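This report refers to the structure that appears directly beneath it.
Letters A, B, C and D mark the chains in the order given here, with residues in each chain numbered from 1 onward.
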Amino acid sequence: MTPFVADVLIPVGKIVAVILYPMVMVVVMIWLERRVVALMQGRLGPNRVGFQGVLQPVADAVKLFFKEDIIQRQADRLLFNISPLLVMASSLLAFCFVPLGEPIRIGTYTLTLWIAESPVGLLIVLGLSSISVFGVIFGGWASNSKYPLMGALRSVVQVLSYEIPTGLTVLTVAFLARSMDLVEIVRRQESSGVWYGFLMPVSFIVFWISAVAETNRAPFDLPEAESELVAGYHTEYSGMKFAYFYMAEYAHMVLVSSLVVILFFGGWLPPFPGVRALDFLDVVPGFVWYLVKIMFFLYLYVWMRATFPRYRFDSLIRLVWKWLIPLAFVNFLVVALVRYLR
Amino acid sequence: MKRIGAFLKSFFLVDMVRGLAVTLRHYFSRKVTVPYPEKVQEPAPRFRGLPRLHRDETGEPLCIACKLCQKSCGTNCFDIEGRKAEGAKLMRPVKFDWKLERCSFCGFCVEVCPTSAIRFSPEFRLTGVRREGLLFHLDDMYLQGEALQEHLCGGCRRQG
Amino acid sequence: MAFNEIELNMGPQHPSTHGVLRLKLAVDNEVVVRVEPVLGYLHRGMEKLWESLTYVQVVPLTDRLDYLASLSNNLAYVLTVEKLAGIEVPRRARYIRIVLAELQRLASHLAWAGFMANDIGAMSVLLYGFEAREEILDLFEAYCGARLTVHGIRIGGVVQDLDAALVSRIRTVLSRIPKRLADIRALLDENRIWKERTVGIGPITAADAIDLGLTGPALRASGVAWDMRKDVPYSSYDEIDFEVPLGRNGDCYDRYLVRLEEICQSIRIVGQALDGLPEGEHMAKVPRALRIPPAEAYHAIEAPKGVLGFTIRSNGTDKPERVKMRSPSFVNLQSLEHMCVGCLFPDVVGILGSLDIVLGEIDK
Amino acid sequence: MPETGAERPELLQALAALSGRVPAGLLEGAVEDGELRVRLGNEALIPALRLLKDEHGFSFFEDMAVFDNLGQAGEGGRRFTVVYRLYMFPGARRARLAVDVGEEESLPSAVPVYRAADWAEREAFDMFGVRFDGHPGLRRIYMPDDFEGHPLRKDFPLAGRTGGV
């Protein structure tokens, strides 16, 4: 393993992989969403473009690519162009810290299935995912028209107020695993033999609800659904810039699903690590388990979108301040107490 | 007791889960949509498709140019001229202009026609590209199937 | 326009599928201050057109008024003409008319359930509602050949007879609706988000409702027990036994419940009408060029959206002198402002959905 | 099925009360086909409406139709006949009030009595040009605001004028 390969080729390869991985997931996600919602409603969904409509997202992307890219005359050009990149970059950056599986030993060199591992990986991922809020504000403000501005402000208030319960529930996990390092959390779950999702169901549910709200999805898709009245922050965008926002939203969903899987359902661990009888499942590589779990949560996203009506904005905020945050606090205290007594 | 029951139900999101169960059941149930070009849903026997003129077994047009259909049509789609060839007993239409774009498929012409020369056909593909395609002259009124589509949009249809 | 009020335009090309309605909304940071519907985008001048057509030729045009309930429009117009000309309709035809009108009510309510739920976000309900509705439209297609603009009820009777095959097919279609209705109710009835968006939203008291001319399920949701089929029975509805569902506090949730309950009642009505289908002619002898001596008549029926009435004045020729239509959606839309002022901005869509208006009938 | 002319006590009372309250304005009045039919002068309209609504239970403003008598002699010789239809709820009885109005004259607006009359009067103004004094916002309801002429008048060409909007 010449140093050249170890120091240059593999990291570059990993970086390309980390960028391609969300892109592929986004394409899969677009197809999954249109197909699953259709099947749930008794229709067939896209099945013309490619086998069972698999190429439909590609068709959408190409269409968006060639669409005319209109920039409002009075728009603040700099911010207008930056915000989609900001939103996209923050989501992609966060993927660097997401561990996909056990490190693989090739000869003397161990290939770690993540780019960076840091003792505060959890904090960094949360921090990056809230940077995309800037993109939303700049995008809404820069398009210089009243609908996107109102839509942007609304989604910002929604995202910020749902970060508190997210933060609290993530703390309970870090509390149990005694570390903020994502890899460490998964290892801790492996050694303790039980997933935190089963240990702390309340944390999982509160985290999941606020995660869905943070990505403006399912029952909380106020800003985007309000496009009938108050258009979402990406109204003035068209062509590739709109595609960035669109892809960033899906990338953010994939990121949040992988966070849920890592924190609460033991990243790449085969199901029920504690049970000896299920050891034969270890033969399947960790990466596959990780993907299966993520697909389940992405499916849950779409499933919720097909089922639930939309919250009104004020009831959404009332829900988080009256229910979710107190619940998260109580849950945090309970976990702390249990942890202290044991 | 009822209040506690209600609280528990709302805490464990029972109403949400019931909703999810419904959509999941539909996820696995039979789909309703018919893949149109491959599988065509046959219209009912009484289906009011494109009105067509008909001929009797000997090939003689049934229409006797009595213009009853022209009078009974609410949106005056018809413009008929009839002439009696010498020696013939009945009049025959010489000119029979019918505008599909004005027709509301109300069926009065079919009901009122004494020789039931004009009848509804099960043809529901009425789209065309050229405006002239929507104006039917005497011999166009007998077109059926692909020839009809040919007339409607003048060869614009993708082959195959 | 007060200082912090902004004027927002909703429509006329508005995603909430009610046709071309434009609402000029004045909003004071999220609270609706003024709602002004702007009409006329779908005005086709029906009443002018009717004055130049014969009585028989007007019937297919009435299909295009409330295009979700074409048979009800036919029925209302045809009953008025029969009252004007004193035509006696055979009893079998009256029963078939009940069957057709109630099937049309089912189709209209199922479409409404889909539209209202879709406006408030539950997109799957639209497809479940339409799935059930398609089967009813197939029935209409089998019966007289058309699905949306059906034109199946004529002056003096109905266009075709109901044979045994069609009757059994109607019964099977009806037997499948309760299951679909249960799906819709499971998705919405107890759902907390749905209740959050509909309970207590856009309330109207009985007194205001009557003063504003509200009719149909929207009025009965405020507890007013007025159903034309019971109060002024027509087409032998008095021989059919059914209840009139009522709401209590006249908000969006009650309007939703009343219409769902009406679907169950309509199924019962069609069942009874099919059981008691008398023998006899399905069409009275009516001359095609019907001439009516000068007179004036008004007759109203209980259409799916509310009281649909026609005033016809004849002048002895075969063309009506004047046909005036009392459209339920037109009058119901007047109370939109009363319901919306003071409520929040996103609820306007929900309230509009609960009113179940159709623009073809409003703009005439 | 038009009810036979069976006696309707409550309608007869209403008719008697009307002839008592607005003797001058009540030109014709009868109870036929189970319906109270009255022809009024235009100043007697609002008192009659208020009387029927408050004291005789005609709580519902069902419909308002305008007829253009250009061809034949109108009931009152004037060009337009405006017919108000009221509905007694509960009780399911109907009342028909006819008022004649000329092209230049105007009628008192019924909105203070029945709020439901608002759009009906706007439609009558838009289609026939009948003006209603005291109407909160009398303007066209279907046609664009700058449209000249009133389409439903008999002398308005069926095919409309080219170059309209």
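Following the convention adopted for this analysis, contacts are C-beta pairs under 8 Å (C-beta built on N, C-alpha and C of every residue); 3 or more make two chains touch, one makes a residue touch a chain.
Because the structure is predicted, anything quoted here is derived from the model rather than measured.
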Legend entry - Common touching chains of chain D and chain A: C
Inset, instruction - Look at the interfaces B-C and C-D and say which one is made up of more C-beta pairs in contact. - result: C-D
Inset, instruction - If we define chain centres by averaging CA atoms, which chain lands farthest from chain D? Would you check? - result: A
Inset, instruction - Mind checking the centre-to-centre distance between chain C and chain D? Centres are C-alpha means, answer in whole Å. - result: 25
Inset, instruction - Could you give the separation in Å between the centres of chain A and chain B, each centre being the mean of its C-alpha atoms? - result: 50
Legend entry - CA centroid of chain A to CA centroid of chain C, Å: 45
Inset, instruction - Spell out, as numbers or ranges, the residues of chain C touching 2 or more other chains. - result: 124, 128, 131, 187, 191
Inset, instruction - Mind pulling the residue numbers of chain B that touch at least two other chains? - result: 16, 19, 22-23, 26, 32
Legend entry - Interchain contacts (touch definition) - all pairs: A-B, A-C, B-C, C-D
Inset, instruction - Sort out for me which residues of chain C touch chain B in the complex. - result: 53, 56-61, 124, 128, 131, 134, 138, 141-146, 149, 151, 159-160, 183, 186-187, 190-192, 288
Inset, instruction - Using the touch rule from the top, collect the residues of chain C that touch chain A in their complex. - result: 6, 8, 10, 14-16, 30, 117, 120-124, 126-128, 131, 187-188, 191, 193-194, 196-197, 344-349
Legend entry - Of all residues in chain A, those that touch chain C in their complex: 37, 40-43, 146, 219, 221-222, 225-230, 305-315
Legend entry - Parts of chain D lying in touch with chain C, wherever the complex brings them together: 1-2, 59-63, 65-68, 71-72, 83, 85, 89-90, 92, 94, 96, 114-116, 118-120, 127, 140-144, 151-152, 156, 158, 160
Inset, instruction - Could you pull out which chain A residues touch chain B in their complex? - result: 36, 39-44, 47, 303-304, 306-308
